[in-house]
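First the structure, then my questions, so here it is.
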Amino acid sequence: MRRALGLFAFIGFTLFLIAAAMSLRPFGEPVHTEMDHYFITHAQEEASANNVVTSIVFDYRGFDTLGEATVLFTAVAGVLMALRRRGVKV
Amino acid sequence: MNEVVLVNLPFIVVALLLAVGFYTIGFKRNLIKIVIGVEILEGAVNLFLIALGYVKGAYAPIYTMAPPQAENNMVLPTPQALTLTSIVIGVAVSALMLAFAVNIYRHYGTLDVIKIRRLRG
Amino acid sequence: MNFDELFWTLQVLVAVGLLTSAIAAVRFKNLISAVIAMAVFSLILSLEFYVLQAPDVAIAEAGVGACLTTAMYLLAIKKTAAEEVIE
Amino acid sequence: MIESMFMWALILLLFSAMLTLIRLLAGPTIPDRAVALDSMTTTTAGAMVIYGVVTRQAVFIDVALVYAVLSYIATLYIARYLVRKRVGISCECEEGAA
Amino acid sequence: MTTVIIKTTTKYLAALILTFGAYIIVHGHLTPGGGFQGGAVFASGLALLIVACEGDVIRERFKKVPLSALESVGALGFLGMATLGFMGYTFFRNVIANSGFPLFGEPTPLGINPGYLNTGGTLPYMNIFVGTKVLAGLTSIILVFYLLLEVRENE
Amino acid sequence: MIEHLPALMIAVPLFGAFTTPLFKKKPRAAALWALSITAVTLCLGILLVKEVTTKGMMIYVFGASSPGLVLPSGYHVPVRIIFEVDAMGAFMALSAVLMSFIGAMYSYSHVKFETGLEKYYALLLLLEVGILGMVLTGDLFNLFVFLEIAGISGSALVGFRNYRGEASEAGLKYLIVSAVASLMVLFSIGLLYGEYGNLNMAYLSTQIGFNTVDIIALGLLFTSFAMKCGAVPTHYWVPDAYSEVPAGINPTLLVATYASLYALFRVSFSLFGKVTLTMSSVGWIMSVIGVLTMFIGVTMALVQKDVKRLMSYHAISQTGYMLLGVGVGLTVINDPAKMAAFGRDAMAGGIFHIINHIIYKSLLLMTAGALFYVTGTRNLNEMGGLARKMPYTTIAFIVGAAAISGIPPFNGFASKFLIYETSYQLNPLLAIFAMVTSILTLASFVKVFASAFLGPPVEKYENVGEVPKPMVAAMLILAALCILFGLFPNIVLNKLVYPAVDALLNLSGYQTWGGVL
Amino acid sequence: MSWLENLTLTSPSGYWNPVLWLAFLIIFAVIGYIVYSRGNRRYKPNTEQVKPFISGNAVDDVEQIRVRASDIYWGFMEALKGYYNVLMRMHTGDVRDYILWYLGVGAIILFILVGGV
């Protein structure tokens, strides 16, 4: 019973995912590229870096990278906390 | 129909990988397998983002020693930056999940999801 | 053989490899085998990033998938059970 | 001409990687699979280098270098696991790709 | 496990990997790579050292390295580089780029070029800080997993 | 400096979080440091609310040469990350900073005897950072990143008591749920990026149309955020997580849940504003889910015997009120007459209920934590007669229970009153369900009060006394806020809630970054 | 009296003023207190009068007169037994079911939205 209902839900959800993938624009032909065009043409003079991806990661979308570093920090703190030796002092 | 499948092949692969990941999370009984399922989902979404950024016949968005025809013919760089963030998040999530799984094994002595149900009702 | 044909051949090969290794990672009863399959999954994913002109992401996926995640999984499995329960 | 040769070499390398994938699926024991992973990594690293040559992007070599170096560590971890385990369970786990 | 082969290989390979990680971190604004990737490679090198040595050796060695403090320092440095933008601009402004600051402050030539290390503004600094943070974080994750195991086996 | 306020809201707690692990052997110092950081953030949050409600939406462009420079010269798309703080975001930010402060104060005594406290406080601050980022940002991918921060730090905190197996179980469940939800959010972000090549929510909302990909993205975002905020068929993680987390984290975790609710509202009203303007089915789905959430939550709460689990099911049921209130508004959004008649009031009720619920549910969960602190158990069957031993806790509990049941003059009544009145106008059945839920809520809190505080005293707890002063202070502050918000609901409504409602409804203002263009 | 109106919460079909409510409450409390104080006081502590009266039976053990939390609303739960059976079967506590419910709800919502109902 559980398995049948679960399979039903799973298949239904997956069909929509495949539908989304099929109805997306063709692979390799992006339509709206204004933002990326700005990055490619302006990254060298504004961030003075040859690697456009790095200039996005640390300059244009640097705040995301701060979030990313925070995620890693959080995970490390969480792992160290979850695997600490003794839970209670006393 | 056939054309759509071939042209959108990476996207279809992404959808199928998502399906595999959801199947793993939904129907496997081992916790480590469930963590693997989450990681398959991560990989699928990362692949999706990168596939969105590809431009036919374009070059990597790096100016250092690039071939001369790469000028003004680069793939979209934003999805790559997003994917980097997403990969780091994936590592963080799987590390924490594995730590919890190890902790659960210490207390419950099993990794069977059916038996890890002290909290219910 | 021109570049376009090469690209699509690579795409098909990578698609097959990704799906196969993912399904293998799910189906293997032994968790070590599943982790090895995940390493292969990560390798092929990295190759796909590479082919799609994203070397930054490919390095990240390589560094993470080839070594760190595999090591974490193996250490975690070492501390727990290696075999999946029989359903 | 030389371009085409590189492309064929690339295809051949990836084809051999596929063959090792079959070994990974079928390999009855864990060491088989570990070796399959290792050889597949090496093959794919070679393929990456050739792809960099085909597209004439020198900076792509870094990726292949990282992969070639790091796969050693993964193999070492697996080996370490197997050594510890041999005392308890034997490695002859008899199930295939199911 | 720690056979002669492993020990000898590790000795040279670890040095190579660590150097390579440092290269990826520092050259992040020129070639593929950056703080996170380099940090991951560096942490992989340390993971190699961890797996190739015996448990006690690792504990002795890494007790002297304040990994979590290193991680905090990396994160704080990254935040501090971002805060530099408050001097007249906004948060995360790349204030050093094209400013003529002696370290990494030169403008880069436009178009395709062989790559000059002394460019990038705050990007190389951020790369280094993030690299420090990532290598400390990932190493401490691996280490805590590994040491937990050793303790349990000894008990 | 005042224009840098949105960035400082993130930078200050982040600085605190990064420095807290340095207090490795000094847990007291870490606690005081975290408390002072949350206090500073509280001051900044109050400043932010004042600024936003008086001067309108605040824009902060990260990395531009000035904070208001949205578009680069010569381009008509935004390229940098933009913080877009309107009254709704400021409202949520205020609740987040307030609750983090209260939680840090409460934790000072509550987790005194545990180890790893520097990590605990760091994670508390990181949870606050995650919430603040989620509610202040105007960038879709940034929303995802902060959603992950909130999810990971929240689940790590749920697993804080690692000597209990149940805590790790709950943490793993929460982590898997939040990982899957955020991955689906990222997938739909990818769909939208693939269609329109941008990540800014204001820009995207001008572009979004009715094609299949957009609608699928809407569905995925809706479902994911609904799961993260604990709407009913996907609510199962809520009782697990809330009951295992230390009580000092409960307020912040509650706000983290409602940050997802905020994201749900933001997606429905702003990002897909053009779509939901003509598709009333989104509003109906939200209302129906709200009613289901309310009813199933409260009936499950009635049969619990674990006190924190009971209160967590009430948290689910109260989420239903918010979904119902805002869903009623969303249903009639394309009908100006109905909107003026009751839609705006319904939304005000739903949004006012967010802060009311955060206050009284935190209060209740804290009293449950105080009971756990003195008795060491959460099982109601083993408690009894604690009223004389813990007078302040009892008073706080009575205030909270009266507020959650909607008894005047406490704050729960004001918002529930608005929701009943307005949902009756849409469909009387909705209002009847809401009232039945309220009655059942009162019934289940009578049960808790009778079995924990009344009855003959238990010998085991002969020697227990009142909990330490910081815990009492935290509870009494919240009890006072309950009474204040109940006595002067109009002030809160006019100063905070109606601006937030108008900010949600003001689609064109959101799309043009508050009139920058 | 504009401040009084300022505090009045109006809704489509009603209004609520906490200050007025409080004033009435105080008036009624005063009336109640007057009525209460005019009654005669017969409360004597430490006598039989303050002991709980349980159908005239003498109960020595305190544990026997405690109403346990799981016994409260027993009748309610008995009456709604079918409903609670279904509900309890939904709450399995299995993490896979959480995800499967998510998939199911997502499929239904997507069906409604894409189908354009």
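Letters A, B, C, D, E, F and G name the chains as they come in the text, with residue numbers starting at 1 for each one.
Rule of thumb we're sticking to: contacts are C-beta pairs under 8 Å (C-beta built on N, C-alpha and C of every residue); 3 or more make two chains touch, one makes a residue touch a chain.
In this text, all values refer to a predicted model and were calculated from it rather than measured experimentally.
Novice: Looking at chain pairs D-E and B-G, which one is connected by more C-beta pairs in contact?
Specialist: Output for the comparison: D-E.
Novice: Averaging each chain's C-alpha atoms to get its centre, pick out the one most distant from chain G.
Specialist: Between chain G and every other chain, the largest centroid distance is to D.
Novice: Please tell me the distance, in whole Å, between the geometric centres of chain A and chain G computed from their C-alpha atoms.
Specialist: So the centre of chain A lies 44 Å away from the centre of chain G.
Novice: Just the number, please: Cα centre separation of chain C and chain D in whole Å.
Specialist: Between these chains, centre-to-centre, one finds 10 Å.
Novice: Please work out the Cα centroid separation of chain E and chain G, and write it as a whole number of Å.
Specialist: Their C-alpha centroids are separated by 57 Å.
Novice: Using the average of all C-alpha atoms in each chain as its centre, how far is it in Å between chain B and chain D?
Specialist: 20
Novice: Residues of chain E that touch two or more other chains: which are they?
Specialist: Expected reply: 24, 30-34, 36-37, 41, 44, 47, 51, 68, 71, 75, 79, 82, 91-92, 94, 111, 113, 115, 134, 138, 141, 145, 148.
Novice: Specify, in ascending order, the residues of chain G that touch 2 or more different other chains.
Specialist: Only 91, 93, 95-97, 99-101, 103-104, 106, 110, 114 qualify.
Novice: Do you know which chain B residues sit against two or more other chains?
Specialist: Residues 9-10, 16, 18, 22-23, 25-28, 34, 51-54, 59-66, 70, 74, 76, 78, 80, 82, 84-85, 88-89, 91-93, 95-96, 98-103, 116, 118-119, 121.
Novice: Spell out the part of chain A that touches chain E in their complex, as residue ranges.
Specialist: Chain A residues touching chain E: 44-51, 53-55, 57-59, 62-63, 65-66, 68-70, 72-73, 75-76, 79-80, 83.
Novice: In the complex of these two chains, what residues of chain C are touching chain E?
Specialist: 55-56, 58-60, 63-64, 66-68, 71-72, 75-76, 78-79
Novice: Residue numbers of chain C touching chain D in their complex, please.
Specialist: Counting only chain C, the residues touching chain D are 1, 3, 6, 9-10, 13, 16-17, 20-21, 24, 27-30, 32-33, 36-37, 39-40, 43-44, 46-47, 50-51, 53, 55, 58-59, 62-63, 66-67, 70-71, 74-75, 77-78, 82-83.
Novice: Which residues of chain B touch chain A once you look at their complex with the stated criterion?
Specialist: 4-5, 7-12, 14-16, 18-19, 22-23, 26-27, 51-56, 61-64, 72, 74, 76-78, 80-82, 84-85, 88-89, 91-93, 95-96, 99-100, 102-103
Novice: Quick check on the complex: what are the chain B residues that touch chain F?
Specialist: So the residues of chain B touching chain F come out as 18, 25, 31, 34, 38, 41-42, 45, 48-49, 52, 76, 78-79, 82, 85-86, 89, 92-93, 96-97, 100-101, 103-104, 106-108, 116, 118-119, 121.
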